[in-house]
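In the two complexes below, subunit A is the common chain; its partner is subunit B in one and subunit C in the other.
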Partner chain A sequence: MSIEISNVSKRFNAFKALDQINLHINSGELVALLGPSGCGKTTLLRIIAGLETPDSGNIVFHGEDVSRRDVRDRNVGFVFQHYALFRHMTVFDNVAFGLRMKPQGQRPSEAEIDRRVHELLGMVQLDWLADRYPEQLSGGQRQRIALARALAVQPKVLLLDEPFGALDAKVRKELRRWLARLHDEVHLTSVFVTHDQEEAMEVADRIVVMNKGVIEQIGSPSEVYENPASDFVYHFLGDANRLRVDEGEVLFRPHEIALSREAGGGRHSGRVRDIRPLGALVRITLEVEGQDELVEAEVVRDQLLADLSRGDQLYFSPRC
Partner chain B sequence: MSRRTSPVIPGFGLTLGYTLVYLSLLVLIPLGAMFVHAAQLTWAEFWTIISAPRVVAALKLSFGTAFVAALINGLIGTLLAWALVRYSFPGRKVIDAMIDLPFALPTAVAGIALTALYAPNGMVGQIAAWLGFKIAYTPLGITLALTFVTLPFVVRTIQPVLADIPREVEEAAACLGAKPFQVVRHVLLPALLPAWLTGFALAFARGVGEYGSVIFIAGNMPMKTEILPLLIMVKLDQYDYHGATAIGVLMLVVSFILLLLINLLQRRIQTP
Partner chain C sequence: MTSTTLTAGDISAARRGSPAGRILLILGAYLAFALFLLLPLLVVLSEALKLGLGTFFSALLEADAISALKLTLLAVGISVPLNLVFGVAAAWCVSKYEFRGKSILVTLIDLPFSVSPVIAGLIYVLLFGAQGFFGEVLEKYDIQIIFALPGIVLATIFVTVPFVARELIPLMQEQGSQEEEAARLLGASGWQMFWHVTLPNIKWGLIYGVVLCTARAMGEFGAVSVVSGHIRGYTNTLPLHVEILYNEYNHVAAFSVASLLLGLALIILLLKQWSESRINRLRHTAEEE
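And then the complex of A and B:
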């Protein structure tokens, strides 16, 4: 199901959380709302869900205006950052909750509920935890249960608020790959909020970069990375170097650099301040005359670096 | 027992010993003495005392009014705790602090103030009289006094538990299609129930033993508005120590059984 967001604005007292947001999300797409904290991404997600009402503008699901519709009737699955599981219920009862709350006529039989819940728990690979309580689960397990619970009511849209934010780095990586795979299988229109550009890059079909209540850029991960629409996007999507030159300044990423021992060819000079091995790459920090900002270079290990030490003079040129 | 992690409070032996001594001096020895004193009675004598119509009437009145007062506070206290935790409004801190006042106020003062208000010639009592019923000097008045005295229990036990339930949990339930009453019935109440029962039990136990505030508003008519603790005082005034201890034992046993039942109920509904 497609989602059309048009002219959505929202204020919290004097604070402008969202300013004239327009966004189209295609059916079956996995979209990331990416931005620093306070940029309005969570507010936008909550407005799509119906947990927050916009001051102006419309939300249209598949041609149907749902702006005035209550969260109960929007048929969205929402996964909260801190899971929001019902702690007095077992994992099974948590997942079954949405089905059991349906009005008499639409409610499946207990046998059917049992089948569906076990199917969902199987899908999130946690069927063996059905009788446990949320307190007895790890963070990653809780998040998968929260996802299963949201999917139980067969929502048309899946919304995830910083779904991996509260997890440690390793679990986060596993879980976001798992989510991307899951999305490939079920193809549910999904929107997730994150402040982690790596996460957005790795999981999303399209990234919506937000800042201060407005959308800075919408595009595929490679589009926003390679053709950033603004300085903000450029800086937010990865480390950046700023080099002052006569006519102004040049922005380039740490890997977009050529290093040499020889001067000439328009190369700038810098003094090596630090050398850090980063697995396949080495990060060299350079002090450049005439500016306080350091320049970082991430390059493949090679002969040049073999006998490099701090204090050496190097010559570099940005390649962009 | 593993010794690898040492607890913050030193030594199991020391803490247990301290607990037992403390409990004995303050609770077990006085109560035991009462049982010893009551044991001088034969079963027949004991039964005659506690089955006297005046005692039975007082028993019903004491436990009945305490139960109703605890129920009322169970309802009002929950609402109060809800308002204090979930909404911010001007004067919230002041109201929050006022909740504990019934504990600080001498109960006699509360009783006299309530009587002045609710007696047939008092401010509220006049309205009640005009409508054709009495508040002070009836079981209704006793319930009122007990409601006043036991108000803090339910509020204070529910408050922290309620504050601990994130709003997101309600939102999650709403996203799953639960209507407001379903959210309350299936999400909030089950989470609050153990704490609610604790508050209820505390309010009930306190209500059963309450003396100071009740005697002013009750009117203390035998068979009608005479509570058990007062009956004990009456017996003591008449130097009927056996009668007084017999009633004391009766109150203790009934209270203990009821509190035990509430505790068992609580254990059943508590999730691990």
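And then the complex of A and C:
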């Protein structure tokens, strides 16, 4: 199901959370709302879900205006950042909740509910936890139960608020890939909010970069990375070096650099301040005369670096 | 988690202090407890039983005492459920919504704690008494509020309003409204959400608040004394009955009835202890998250 967001604005007292947001999300797409905290991404997600009402603008699901429709009639699956599992219910009851709350007539029989819940728990690979309470689960397990609970009512749209934010780095990576795989299988129109560009890059089909209540750029991960529409997008999507030259300044990423021991060829000089191994790459931090900002270079290990030490003089040129 | 480790730290810090000082403090606490709490309780019981069990029970089974007990239970039975509904509603408003005048509402809920109960009783006399603000209208329709059950219930409600709300507001604020939002998103109606999600989460806090409210409602003297009119057998609650007996130099009967109140208080204390331990357990698991 496609989602059309047109001219949505929202204020919280004097604070402008969203300003004239327009966004089209295709059916079956996985979209990331990416931006720093306070940029309005969570507010936008909550407006799509119906948890907040926009001051102006419309939300249209598959040609149908749902702006005035109550949360419970929008049929969206929502996964909260801190999961919001019902703490006094077992995992099974949590997942069954949506089915049991259906009005009589639409409500499946207990046997059917039992079957569906176990199917969902199987899908998130946690069937063996059915009788546990949320407090007995790890963060990653809670996250997957929250997802199973959201999917139980067969939503047409899946919304996730910082789905991996509260997890440690390793679990986060695993779950991220798992979610991307799951999306490939289920093909549910999904929107997730994140402040982590790496996460957006790795999981999303398209990235919506937001800042201060407006959309800075919409595009595929490679589009936003390679052709950033603004300085903000450039800086937000990765580390950036700023080098002062006569006319102004040059921006380049740490891997967009050529290093040499020899001067000449328009190369700038810098003094090695730090050397850090990063797996396949090495990060070298350079002090450059005439500016306080340091320049970082991430380059492949090679002969040049073999006997490099702090305080050495190096020459570099940005390759943009 | 943090607060548990902190208290553990505090305890060990206290243990490291001089043992003599510690013993002195503990002894002081026990002494104060014995002197101000235990001794009066024992005096009440011993005075009540001074002339034997026969006199004790005859004081309890006397018609006026029975009617006072009935009236007390009736007043409690009306005012506590009303306060329960009001308390839950108020706590819900304050913890789940942002609105203008919220801090004023919270302050107003606390008002009965700061206003003397006698003043509270007087307010009702001034409002509903024969010479009061609504006096004429009430007289016209022959409605008796002051010196009757409605007045006693009103006064009791006024004095006990804060207990349920005060207990629930911090609990509900701590829990936030995400579980409720999740329930709505999963298709629950307002009532289903309250019944299946909110109520189980606040259950123990609610029981605790109700227990405190009941205790206060049963023992209320000042406000009820002003509006009741002390009509024996009609508008006397247990605490008022005790006072009357005492003023008539009928000490044994007064203390007998007092020990009845005491017994009810002890039951409530046990209930309180039990619900409190359940809340602490809930808090504990919440902190571990």
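Assume the second predicted complex is superposed on the first by the 320 of 320 C-alpha atoms of A that agree within 3 Å, B and C clash if a C-alpha of one lies under 4 Å from a C-alpha of the other, contacts with A are read in each partner's own complex, and residues count from 1 in each chain.
Quick note on the criterion: contacts are C-beta pairs under 8 Å (C-beta built on N, C-alpha and C of every residue); 3 or more make two chains touch, one makes a residue touch a chain.
Because the structure is a prediction, the values reported are computed rather than measured.
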item	value
Joint occupancy of subunit A by subunit B and subunit C, clash or fit	clash
Partner chain(s) touched by A:I3 [first = subunit B, second = subunit C, both, neither]	neither
Which of subunit B and subunit C A:V191 touches, first, second, both or neither	neither
Touching partner for A:V71 - first (subunit B), second (subunit C), both, neither	both
Touched partner set for A:V91, first subunit B, second subunit C, both or neither	neither
Set of subunit A residues, in rising order, touched by both subunit B and subunit C	49, 51, 71-72, 76-78, 80, 82, 84-88, 97-98, 101-102, 135, 149-150, 152-153
Of all residues in subunit A, those that touch subunit B in their complex	49, 51, 71-72, 76-78, 80, 82, 84-89, 97-98, 100-102, 133, 135-136, 146, 149-150, 152-153
For the subunit A and subunit C complex, residues of the former touching the latter	49, 51, 71-72, 76-78, 80, 82, 84-88, 97-98, 101-102, 134-135, 149-150, 152-153
Of all residues in subunit B, those that touch subunit A in their complex	166, 168-169, 171-179, 182, 186-187, 190-191, 271-272
Residues of subunit C defined as touching subunit A within the complex	178-179, 181-189, 192, 196-197, 200-201, 285-286, 288-289
